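Heads up, the next two complexes both have chain A, just with different partners, chain B and then chain C.
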Partner chain A sequence: MQIPVEGFMYPNEVELQWSVLIVLYPFITGLVAGAFILASLERVFRVQAVKPTYRLALLTALSFLLVAPLPLQLHLGHPERSLEMYLTPHRSSAMAMFGFVYLWYLMAVLLLEIWLDYRHDIVARSQSEKGWKRLVYRLLTFGSSNVSERALRIDERLGYFITLVGIPSAFLLHGYVGFIFGSVKANPWWSSPLMPIVFVFSAMVSGIAAVMLLYMLSTRLRGQQIDIRCVDKIAQYLLYTFVIDFSLEMLDLIQRIYEADESFRSLDFMVHTRLWKSQVIIQILLGTVTPIALLGLTQVVKLTETARKRIYGLAGCLTVIGIFAMRWNVVIGGQLFSKSFLGYTTYKMAFATREGLLIAIGLMILPFGILWVLVKLLPPWPDSGSLPASGAPAHGTS
Partner chain B sequence: MNLFKDIEHLIRLAVVIVVLLLVFVVLRVAVVPHSFGEYGHYRGDAIQEVAARPISFAGHAVCEDCHTDVVDQKKLGKHVVVSCEACHGAQARHVEDPGSVKPAKLDTAILCARCHEANSAKPKGFPQVATADHSAGLACDTCHQPHRPKIETAAKNEAGGRK
Partner chain C sequence: MDITRRRLLMLLPAAAMAWKYVQAGTPEAAPNYKLTEHWWAMLIDIPKCIGCGSCVRACAEENDVPEGYYRTWIERYHVADWKIERPDVESPDGGKNGFPPHADEGGKNFFVPKLCNHCADSPCTQVCPVGATFVSPDGVVLVDKNYCLGCRYCVQACPYGCRFINPKTNTAEKCTLCYHRITKGLTTACCEVCPTGARQLADLKNPKDPIHEYLRTHTVQVLKPHMATGSKVFYNGMDGSVR
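This part shows the complex of A and B:
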C-alpha cells in the first residue's frame, strides 16, 4: 500500500515510526501527573473544598500510571527487552532514565502515599472481610494492625512529607516526557526548551479535568449529590492552569513566528494543511479557547448549580479532547514533514495491528478497568458500606 | 506505648522494600552476562561469537576470478556499481564448492522492483518505473539483460517501456 507523499521525503521518513500508541504515552502520563498534582495541592495547601476528590485522584493516578508504559512496550518488537534498562541502564539514553523516573514515582511516591492514606481502612477491612478478600487486606497490612492514634499521626506526617517529595516527582515524571521530545534536536517541531514546561502544564490541565469528570460521573453513578463547592474549586484550578498553559503555548508560537527560522515555512504550511483540523480546530479552538471561555463564564456570571455542572462537564470533556489533540499534534505532527523541509507524508492509522486503533482504544479503556478494581478494593469515598467511617485524621489537622 | 509499636508497620514496610531490593540485586547478578561491560556497554563475548560465525558473503573480487564473461558484460552498463551478491545473495558457499552449491535462480519481477519500483522519495535521477505499468506482467529479464540492463533502441517494443 502506497503512502501518499507530497513533495520530497527521504525514504526513511515516508512511513511514520511513532504511531498512535506513542500519542497515548504522553497523554496517559499527563493524566497521571495532573491527577496527582491536584491531590497534592489539596494536601499541601490544605484546600478542604476539593477533599472529596483526594483519594479518587490518587487512585486515578495509579490506574493510569500502571498503563502508561504499555503503549511504549507494544511499540517494541521485543517488549521483554525493555526491562533490561533496569539491569544495565545506559546513562546517555533518555528512555532508559525514564524507566527510573517511572519506577521512582510508582514505588516511592504513589504506592506509598496511597498505602499510608488507606492503612486505617485496610486494617479495618482485614478484620471485617471474609475469604480471599480478607487475605488480600491482611497482606496489605504487612502483618501490622496497629492503628493507634499516634501511629496514624505518624502516617499522616510521613504522607505529608511524601506528598512534598511527590510534587516535584510528578513534575519530573511529565516534564521528563516533554524533555524526551524537546531534546530531539534534529526535529524543529519538538526541539524547544519550553517543551517540558508546556507538557507539565498541559498535564495538570488534563489531569484536573479528568479527575473532575470522574468525580462527577462516579458520584452520579452512586446516586449521590455532587459537592458543588468541590467542583467549583476544581473548575477554578482548571481555569487558572489552563490560562497558564495556553499562554505558554502561545508564547512558544509567537516566538517561533517571529524567529521564523529555516524550518518555519515548512511547519507553517503543515499547520495550515495537514494539521489544520487537529491543531487549529480541535486543539486550539475547540479544546482550549472554548473550555477557557466556558470556565471563564462561570467565574463572571452567576449561574445556577445545574447550569454550572453542565458547563463543567462540557468544558472538562472538551479539555481532555483538546489535550489529546495536543499530544497527537506533537507526536504525529513532528513526523509529517521532511527534514529537507520540502515534503510531507501522511499518517495512516492501522486498525487491528499491534499499533493500531483497536489496541489504542483498548489501552484507553484499561485504566478505567483498573480504577474500577481499585475503587472496589479501596473505596475512595468516606461513606461506603459497612466501613466504620474512614477515621483517618482529616488532612490539615496535623 | 512505646514508639516502636507505633512505627512497627513502617519497619515492616522497610523490610519488604529491602527484601525487594535484595531480590533485584541477586537477579541482576544472575541475569546480566558476566562479560557485560568488558569493552563497552555490551556483552564482551558477543565479539568472539560474531567473529566465529561462518562467512556468508564472498565479495565482488572473488566472483571476478571465475565469471569473467559476466564481469565484462557488467562493466558495460550502469549495474557496474551493483555488487554481484546484492542480486545473487550471499555466495561464499558457492565459491568454496562451485560444482555442488549452485546459486538459486532469481525471480526478476521481485528482484528488480526492490531497487527500481517508482517512489517519490527516491532521487529523481535514479532510473525507476511503476512495474505494474512498465513490464505488462512479464519478467524483467525478458527484455533487460540483468548484467547490462540498458535496452538499445532496436529492442524497444510497444508492449513495454512505459514509465
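This part shows the complex of A and C:
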C-alpha cells in the first residue's frame, strides 16, 4: 500500500510505528489515574460530597488498569517476549521501568485498597451467598474473615495509608507515561519537560469526567436519583483541573511559538493541515474550550438541577472526547512529520488487522465489560445492601 | 551423463572461474579479532559521492534488506541560492537506482549517503526496554533479533531515521556496519563497491588508520551535532542545509 507523502521523509520514516493502539494506552492509563485521584478526594481529603462515587471510581480504575497492557501487548512484534521486560529490564529505558510502575500501582495500591475497602462486604457475602458465588467470595477473603471492630479499624487505617501512597503513585503512573514520550529527544513534538505534568493533569481531567458520567449513567439505569450535590462537586473539581491542564498546554504552545526553533515551521504547518481537525477543532475547541465554558457557566449562573445535569453530561462527554483527541494528536501527530523537518507522511488506520480500528473499539469496550462484572461482584452503590458491622467505621461500608 | 575428454576440457575453464569467484567471496579468516582493539567509524566524503546507488544495492544484497526499507540510503540535496534552511531533498527508492537529472539547473546539488551513525551515546540503545540493542565493545550498535520485542521505541528514538521494523522478523533492524565482514578483516559492502571511495570504513583505535590524518586535515562534521549522540559517521564537505 502506497502511503501518501508530502515533501521529504527519511525513507524509513514513511510508515508510522505507533498506531491507534498506542493512542489507547495513554488514554486508558489516564482514566485510571484520574479515577483514582477522584476516589482519593473522599478518602484522604474527606470531601464527603463525592462519597457516592468513591467505590465506583476505584472499580473503574481497576477495570481500565487491567486492560491497559493489552494494546501494548497487541502492538509488540514479539508479544511472547514481553515478560523479558520484567525478567531482564534495561534500566536506562523509560519503557522498561514503566512495567514496574504499572505493577506497583496495580498490586500494591489499587488491588489492596479495593480489597481492604470491600473486605467487610466480602466476608459478609461469603456467609450469606449460596453456591458458586459463596465460593468466589470465600476465595476473595484470602482467608481473612475477621470483621471485628478492631480488624475493621485496622483496615480503615491501612486503606487510608494506601490511598496516601496511592496519590503520588497515580501521579507517577501517568506522569511516567508522559515521560515515555517527553524524553524522546529526537522528536520535538514530544520532547518537553512539561509533558509528564500535562499528562498528569489531562489524566485527572479525563478520569474525573469519566467517573462523573459513569455515576450519572449508572444511577439513572438503576432508577435512582442522581445526588446533585455530588455531581456539582465533581464538576467543580473537573473545571479547576481542566483550567490548570489547559493553561499548561497553552504555556507549552506559547513557548513553542515564541521560541520558533528549527522544528517550529514544520510542526506549525502540520497543525494547520494534518492535525487541524483533530487538534484545533476536536481537542481545543470542542474538547477543551467548550466544556470549560459550559462548566464555568454552571459556576456563575444559577441553573436548575435538570439543566446542570444536562450540562455536566454534555461537558463530560466532550471532555473525554477532547482528551482522547489529545492522546491521538500526541501519539499520531508525533509521527506525521519527518525528523528532517522537510516533509509529512499520512496515517491510514487499518480496520480488521491486529492494530486496526476493530481491535481498538474492542479494547475500549472491554473495560466496561470488566466493570460490569466487578460491579455485580462488588456492588459499589451506597444502597447495595452491604452489611454494616457493629461499630465499623462509617467510611466505605455505608 | 557421460563425461568425455572433450566435454571435460570444455568444463574446466568454467569450473576454474567459478572457484575463483567462490574464493573471492569468502571472507578472510580472522580468528585473532579482538573486540577491544577496535572502535569502528565511517568517513563519508560528500564531494566524492556521485549518487550512483551502488552502496544501497550492495547493502540490500549483502544483508537481505527487505524491499522498501533501507539500512543505507542516499539523499540528493538541491539548495537554491541562499535558501539553506529550505533545501529540496529527495531519495527515490533510497537512491538505489541513482537519480534523474534535477529539474532546476540553478543552485547547487550534492549527494549525502546516510546510514546508522553508530553513536557512542545512542538514544536507541538507551530506550530499548530489554537491552536487545546495544553498543558492542568495538563501537558498533547492533540489534539481537532473538531478543528484540518489536516495541519500536528505538525507531522513535533514532534522530536520523536509520531504523525500521523488518516485516519478516518483526524486530528492529538497521545498519550493522557489515559486522559479519569487518570482524573478518573485510570492509563493509557499501565501502567495497563505492566507485569513488566516498565511503571509508575507519578504525579509530588503530593509530595507523588514515582516518586520523584525514580528520586532522579536513573540516568534518557529524549529522545533527546538537543531539549529542556521539555519532561516529563523519562527513567531509557537508553543507549546512543537510539534516
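Basically, the second predicted complex is superposed on the first by the 386 of 398 C-alpha atoms of A that agree within 3 Å, B and C clash if a C-alpha of one lies under 4 Å from a C-alpha of the other, contacts with A are read in each partner's own complex, and residues count from 1 in each chain.
Heads up, the rule we're going with is that a contact is a pair of C-beta atoms (placed from the backbone, for glycine too) under 8 Å apart; a residue touches a chain by one contact, two chains touch by 3 or more.
Because the structure is predicted, anything quoted here is derived from the model rather than measured.
What does the overlay on chain A give for chain B and chain C, a clash or a fit?
The answer is clash.
With the two structures laid over each other on chain A, which partner does A:Leu76 touch: chain B (first), chain C (second), both, or neither?
second
Which partner reaches more residues of chain A, chain B or chain C?
C
Touch check for A:Val280: first (chain B), second (chain C), both, or neither?
A:Val280 sits against neither chain B nor chain C.
Based on the superposed arrangement, let me know which partner A:Lys339 touches: chain B (first), chain C (second), both, or neither?
Second partner only.
Which partner chains sit in contact with A:Met95 here, chain B, chain C, both or neither? Use first/second/both/neither.
After superposing on A, A:Met95 lies in contact with chain C but is clear of chain B.
Is A:Leu158 contacted by the first partner chain B, the second partner chain C, both or neither?
Touch status of A:Leu158: first partner only.
For A:Pro11 in the superposed arrangement: first (chain B), second (chain C), both or neither?
both
Once the structures are lined up on chain A, find the stretch of chain B hitting chain C; candidates are 57-65, 129-137 or 147-155.
Only one listed stretch clashes with chain C, namely 57-65.
So which positions on chain A get touched by both chain B and chain C?
On chain A, the residues that contact chain B in one structure and chain C in the other are 8-11, 13, 88, 90.
Inside the complex, what are the residues of chain B that reach chain A?
Contact set of chain B toward chain A: 1, 5-10, 12-13, 16, 24, 27-28, 31-32, 36-37, 41, 119-122.
What residues on chain A touch chain C, complex-wise?
Listed in rising order, the residues are 8-13, 15, 17-18, 72, 75-78, 81-82, 84-85, 88-90, 92-96, 99, 184-187, 334-335, 338-342.
In the complex of these two chains, what residues of chain A are touching chain B?
Of all residues in chain A, those touching chain B are 5, 8-11, 13-14, 86-88, 90, 115, 119, 141-144, 146, 148, 150-151, 154, 158, 343.
Contact residues on chain C for chain A in the complex?
69-70, 73, 75, 87-91, 93-94, 114, 123, 126-131, 147-153, 155-165, 169-171, 227, 243
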